[in-house]
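In order of appearance the chains are A, B, C, D, E and F, and numbering begins at 1 in each one.
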Amino acid sequence: MMRLQVPGYALLSQADTLQYSFSGTGVNVTAALSRFGYPSYLVSTLPANPVGDAAIANLQKLGIDCTFIQRNGKYIGMYFLENGFGVRASRVTYSNRLESSFNTASLYDFQEIAKQIDVAHFCGITLAMNDTVRQQMKQFATAVKAHGGTVVFDCNYRPTLWGEDGYDKARSHYEEMLHLADIVLMNEKDAMLTLQMTTEETERTAQLQALLPFVAQKYNITVIAGTHRTVNHDNTHSLQGFLWKNQRLTFSDQRTFSVHDRIGAGDAYTSGVIHGELQGFSPKETVDFAVAASMLAHTIVGDTPMSSEQDIRQVMTQTIHDVIR
Amino acid sequence: MMRLQVPGYALLSQADTLQYSFSGTGVNVTAALSRFGYPSYLVSTLPANPVGDAAIANLQKLGIDCTFIQRNGKYIGMYFLENGFGVRASRVTYSNRLESSFNTASLYDFQEIAKQIDVAHFCGITLAMNDTVRQQMKQFATAVKAHGGTVVFDCNYRPTLWGEDGYDKARSHYEEMLHLADIVLMNEKDAMLTLQMTTEETERTAQLQALLPFVAQKYNITVIAGTHRTVNHDNTHSLQGFLWKNQRLTFSDQRTFSVHDRIGAGDAYTSGVIHGELQGFSPKETVDFAVAASMLAHTIVGDTPMSSEQDIRQVMTQTIHDVIR
Amino acid sequence: MMRLQVPGYALLSQADTLQYSFSGTGVNVTAALSRFGYPSYLVSTLPANPVGDAAIANLQKLGIDCTFIQRNGKYIGMYFLENGFGVRASRVTYSNRLESSFNTASLYDFQEIAKQIDVAHFCGITLAMNDTVRQQMKQFATAVKAHGGTVVFDCNYRPTLWGEDGYDKARSHYEEMLHLADIVLMNEKDAMLTLQMTTEETERTAQLQALLPFVAQKYNITVIAGTHRTVNHDNTHSLQGFLWKNQRLTFSDQRTFSVHDRIGAGDAYTSGVIHGELQGFSPKETVDFAVAASMLAHTIVGDTPMSSEQDIRQVMTQTIHDVIR
Amino acid sequence: MMRLQVPGYALLSQADTLQYSFSGTGVNVTAALSRFGYPSYLVSTLPANPVGDAAIANLQKLGIDCTFIQRNGKYIGMYFLENGFGVRASRVTYSNRLESSFNTASLYDFQEIAKQIDVAHFCGITLAMNDTVRQQMKQFATAVKAHGGTVVFDCNYRPTLWGEDGYDKARSHYEEMLHLADIVLMNEKDAMLTLQMTTEETERTAQLQALLPFVAQKYNITVIAGTHRTVNHDNTHSLQGFLWKNQRLTFSDQRTFSVHDRIGAGDAYTSGVIHGELQGFSPKETVDFAVAASMLAHTIVGDTPMSSEQDIRQVMTQTIHDVIR
Amino acid sequence: MMRLQVPGYALLSQADTLQYSFSGTGVNVTAALSRFGYPSYLVSTLPANPVGDAAIANLQKLGIDCTFIQRNGKYIGMYFLENGFGVRASRVTYSNRLESSFNTASLYDFQEIAKQIDVAHFCGITLAMNDTVRQQMKQFATAVKAHGGTVVFDCNYRPTLWGEDGYDKARSHYEEMLHLADIVLMNEKDAMLTLQMTTEETERTAQLQALLPFVAQKYNITVIAGTHRTVNHDNTHSLQGFLWKNQRLTFSDQRTFSVHDRIGAGDAYTSGVIHGELQGFSPKETVDFAVAASMLAHTIVGDTPMSSEQDIRQVMTQTIHDVIR
Amino acid sequence: MMRLQVPGYALLSQADTLQYSFSGTGVNVTAALSRFGYPSYLVSTLPANPVGDAAIANLQKLGIDCTFIQRNGKYIGMYFLENGFGVRASRVTYSNRLESSFNTASLYDFQEIAKQIDVAHFCGITLAMNDTVRQQMKQFATAVKAHGGTVVFDCNYRPTLWGEDGYDKARSHYEEMLHLADIVLMNEKDAMLTLQMTTEETERTAQLQALLPFVAQKYNITVIAGTHRTVNHDNTHSLQGFLWKNQRLTFSDQRTFSVHDRIGAGDAYTSGVIHGELQGFSPKETVDFAVAASMLAHTIVGDTPMSSEQDIRQVMTQTIHDVIR
């Protein structure tokens, strides 16, 4: 997607310039993994016009290999971002993406792509698009599994995209993806609302403890991970990561930090979990690394994480540096 | 529409900021007339969100009365503009406007609006949108005529909007509008291509001479006006206006001038013709004024003309001033 | 007035660009009320030159009806703003406004204007200008009363404008305005310093309790409202509103919040009080609404409040949102 | 003065930022001479506030010694500049400078200053301010003469500053300054309009030939110099310099060149004439150098010339360089 | 190299911001070929720090494959660019590149690289660096030849890099490279000054005719190409390309055009010649294409050509388009 | 040095513009003292090219007298600054300064300079450059002493500049400078690491108490001063100053404050100490003044302190002002 951000803290009705960049969950996770040293591909379709050219150039700048990107159609999804300040929340306004190149894309050669990759990442936002896109997602995930690859699925439920009775509409599609997935990003609300699981617990950590074992067992998922976020009153957020694996739920330390650009920070967490799993980190190291990656992403301009493993390990120590010369 | 312009002469794939403004033929003509001292209304529909708020604020800034603007729907038409330089032409890339608030608007109270206005301006770009919009245009124009108002119609044919066999698709709609119109902006190509009129003349001035009388008579049009433009090799354009009225074709002097922002300069010409007619200028004064208005609009940042009658009369004299202190 | 602000946190002697906007207490209150849905007029005089044109365009952008603005004279009041940061306070430097269009304006048709409006807002800064302006203020307020309108007066005493022995110079003019006013913005210091009232209380809340009844009774004022502000050490302010009405003093909750642009936030409070009174809010709802309006105005770029009633009600709940999508 | 320029080619009513710099004839000539290697002082008064601080910082940046600048008063003269483009002329709007620090300055120690300098430059714009300023100018010029220094006077008549019957009001003051001056910048119009001299010639070069000998003789002036400018239709100007000395009128080659920023280019010419005289150039070398200096100043951002003698000599050759590496 | 450009037409001593990009002859040619659809690699060394990261990101953005770029050392070559205007030439100031990562690079695996590429481009600027770099160039060119690849050499002699007696110092190195080269970019001056060839002709076209056959024969070169440039007085340049092949010298049409950013436009010409040769264009088509590519590159922001083959073919027709919608 | 700063919080690989300024310990201290009213000279060498011109212009803008600056060589030291945010530290990347004009400067006329100044400031960063520079420093300090001036030396040890075994390499040079110095800026770490002094204390304040008397005695130093800094987790720093004089160690109050631009704030402390000593402040007043100067410098854009004595005294009171009008 194309992000059109009002600079500073002005509103759209006050400013006259926008900063643009190209992002989206897939872009963010792919670019973050590229920074960790993995060759990273985006599978998508972009318009065959100057806007698509700009998207390609900027994805390449982020280190993403664009070999599997098709050029077709005329439109790209866009959103306007007005930065919040303190008590005034940030505000996102979407443009029309029903007829975007991505949503009207012809079939990709998923078998061929699946042969060349080890891990594929999918997300619930894409699942909300339309039937064609949903079908493509499932075909691709099936192909990846068939070739021995790992399927990552981020539940990422967006109420406004699914509309009225959204959970009911979404449920079967989520379940199909969960059956295909090895690593899943979700929390207790996804289990309760999308998957209609129930627990008598009322506190979110207890709900996690109660529900994740069932989710993992029912859909045969190896790793389930996610975060609990608290928005504080002084421009800081608090974040704690969790990871279910081998019948155990591991929590990261809770980190509190000043926030510069919150969007995309969840994707940095995802990239940290994938890296931990690929590198065989312990669950504790994985959640601590993923939370540090996410924390750093809140201090980075734009949606897309930009930190190297070294950068992230530096802030895992909890000491704040003066100036790095 | 929302114009998203790359600053300076960079391409979309080189820059990272955009300047935005709100324009369109209707906006440009309305704002230009507002500068001549007329209360000027825009009849349109804008989304009920921050983008719509920004549009309203900027239309008000241009002096446009927004009383007749409905707030509905979610999207606004957008286009990206990359400025050309010398031999490299400017490039416009449209976003999807099929589902814009304007194109999905519910019915306006045209009878009520028609009562309050003297002149209504319509344009061929709007006519290309969809059947609902076309129906609304014709209802509005009919209501204006019924209340004794003047209908202005700018033929403004855009091939990419009508698609294949566009002239055939467009013809009957154009003819309906021409039958309702009192003042028409067009040139010899509109007569030949859209209206399928023929002449043996091959030079454009001769074609005008041959065809305009037939057009005026057939559709019962009081004034037909337009321009002939030449793009020169040194960043200048040459422009000559013409105006058919009372069985006579009058030409302006040809003006040659450096071009800063070409888009919307045709709408300045239209506003000059309307002003001349409303004020009872002679045909010669009207075309000279309209061409000077258009010429000045080429030197103004943005699509929308910003010049007062005094500014325009100053450049009608052909002398170039040093600095106005 | 024209605000010329150094971008970011640089000093005038460090930067080379300025951001300009047009504001002032009257502009801010009028624009804020326009956002609440009231047709809002500014009664003023602006120069008949490009600076005046820019002012008109920007006032219209803010939703202000400029019908009652006269165009005369050559100058507009201006001020330079250097943003403070943390322990370094913001700094305002005024240009010469003695000969501004506003201060040298000819007589307005106040009878005609008074007929068309329900509420008129005046402020103590204007009262400090010169005798002609003071006379105009009183004539206008008298006309509004005569036509059954409501007079709002914001005491807003600026020491540098009145000069030496300022309170003595100002007293009789303030008293005249207070006799005409229905709603007054002031605090205990205005009562003690400008009106020379005395109390033995030493704490500001107790002083309010002691003095406001006398002020209300003496000048026959329906509503007296104001705020108590505390500047904290961590870039936050604390704000509590109060409102005297029907013999009772009501306080809002105290709100603490990060500050982005402090100037004009008092005018947002005024607009909240006016809106509460016009809509018949309870005193408690009015002060809570007005404080929330003011709090939001601290997070908005520029002097002028930009929030709708819906925006303000959202922050009255004290929960901080993550991102509004 | 403080120049507040709208960036690019936008109007004040379109933009929201201004670029500021500090200039004026005195500043421009002084800074230009500083670039030629002369210690250069400005004799002026600036406000004792952040605007004055910014002025001092920027004058120092230009290489001007600020030892003789007093800090008093509160205001500085300002002007807004909207850049023209092609047929649309640049537009200057002045703020109120009646009460500027300069115009309300207390007496300078002109005897002391006159001791330390060799050449003093005065200009007709200053002469138009008020009686106090005029008196100061004459006192200073007299002191310079008394200490053996050279007095340069630029006639620089601005009609809007002198108002109705301006030439009559100005005449005696100009004559006083001319009697004190050694080097004078003027043209045939100054002789005819301000000094009421007459000639039967109608072409401007012939008028120069006819009038300058009388002017030089009557006021006992050593050197009279000036330019004839033609504004062409393609964003270029043509400039020819002239210089009367030792009973001979010498002309420079006429130069035609693209114009980026025209304001202040006349002051570059003045600085070239002063440099030529101080260095003992031949009259032909002086006018050619001064015209080249002026021509370069048209290509420089801002009012103030920035070119070294080497830069100027490079363009005296009439060859255009590709890139200087 | 890192280009640090003062925005607009200001001097380094006037501005306070710089626009940066990464370019150089190799970057420009590689990126241009990438736009024509060729996989394009840069062989270089960049510092292992944030400046090197930024370079990599921007090279990827240009479509360059960075697989063969080593990360070592601490510095990158930089240059400051002040844009000229009209008679004032652009000015380039280099930073110290003696100790740049490129100039202190360890050995590349040229055999491996040579296996994977078809064409390698070298330039005379690199040849001027130091002995290590020169040795690397020759090793690489030799390896390319050994693996059947094509060697392109652009003579590109920069006097300031070679210093005193530069042609004598450079001669043997140039001759070595010419012996290895298949396609050479040069003109008559390279033949006369660097290669010490002589002719009695005095006009540059005649000199070309006289000298190129000898050069081609002596060094066994298949194609020799270059341009003749004229800098005109109105911000335009004129350019004519030539190409020697199969014993015939072919000239392009001379094109005259407005210039926005001249640097790097020669590299666009080179890319056009390489593309013509690889695609088997006729010599006439190749020079016309290469000149059109170069002409367009003068209208593009930055050093690096950004045009597709379609863009270039559009301007080969000599018609100027109004707006491309 | 030339500081090239990425605007806002972006990384070098995300942005495309840089803000430049000229700073360095010497520049910062000199400019700060100039703001306190002292004529202040920089003794340095700058390149004789446009970069050097820009440096001179900007030093003059800061109020520094450039009489003693030589123009020679071609390069200036540069560094890139990426601003940190919250947990992400700021990052500095140096360009190559081995061959800078400063490091390759020819001999200055130190005897002559020493005659004209009262105080000379030296710093440990300069001491790390090379043998020539070190020799010049010592010659200059010796000359200052010989002419009865005061020598200030800031220990300022930068590990990356001295490389491996840096303390051993640096020791003798530091000792030479300390023997020449009257006022020294240092802390307990300099004593322990550079001077190899030992103490059994483990807390930094106790270490100071233990070591400073020995340092002062051994090198015969009148005043030793420094700060202890704590970086907090909420974008604030805490700072406490200390000053050893007349056998007593005096501490300032500890101040905690929000940080905008941390670089150069230590130099503001130095300037405060020098000012206190020159004005005969008590030790307590000096440290409180110096810490307030440093605190304000953290809120100022750029490396260089910009505050007057009045500004600093305003924040010594610990009250935070709302807006200064």
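We adopt the following convention: contacts are C-beta pairs under 8 Å (C-beta built on N, C-alpha and C of every residue); 3 or more make two chains touch, one makes a residue touch a chain.
Only a predicted model underlies this, so the values are computations on that prediction, with no experimental measurement involved.
Visitor: Would you mind telling me which chain pair, B-E or A-B, is linked by more contacting C-beta pairs?
Guide: Comparing B-E with A-B, the pair joined by more C-beta contacts is A-B.
Visitor: Tell me which chain's centre, taken as the mean of its C-alpha atoms, is farthest from subunit B.
Guide: Centroid comparison gives F as the farthest chain from subunit B.
Visitor: Please report how many Å separate the Cα centroid of subunit A from that of subunit E, as a whole number.
Guide: 42
Visitor: Provide the C-alpha centroid distance between subunit A and subunit D, rounded to the nearest whole angstrom.
Guide: Centre-to-centre distance between subunit A and subunit D: 63 Å.
Visitor: Give the residues of subunit E touching no fewer than two other chains, as numbers and ranges.
Guide: 11, 13-14, 16, 57-58, 61, 91, 94, 234
Visitor: Touching subunit D in the complex: which residues of subunit E?
Guide: Subunit E residues touching subunit D: 8-11, 13-14, 84-92, 94, 158, 160, 229, 231-235, 262-263.
Visitor: Quick check: in the complex, which residue numbers of subunit E touch subunit A?
Guide: Residue positions touching the partner: 57-58, 60-63.
Visitor: Give the list of subunit A residues in touch with subunit F in this complex.
Guide: Those residues of subunit A that touch subunit F are 61, 234, 236, 256-260, 295-296, 298-302, 306, 311, 315, 320-325.
Visitor: For subunit D, which residues are in contact with subunit C within the complex?
Guide: Residue list for subunit D touching subunit C: 4, 7, 11-14, 16-21, 49-51, 53-54, 56-58, 74-75, 78, 80, 82, 91, 93-96, 98-100.
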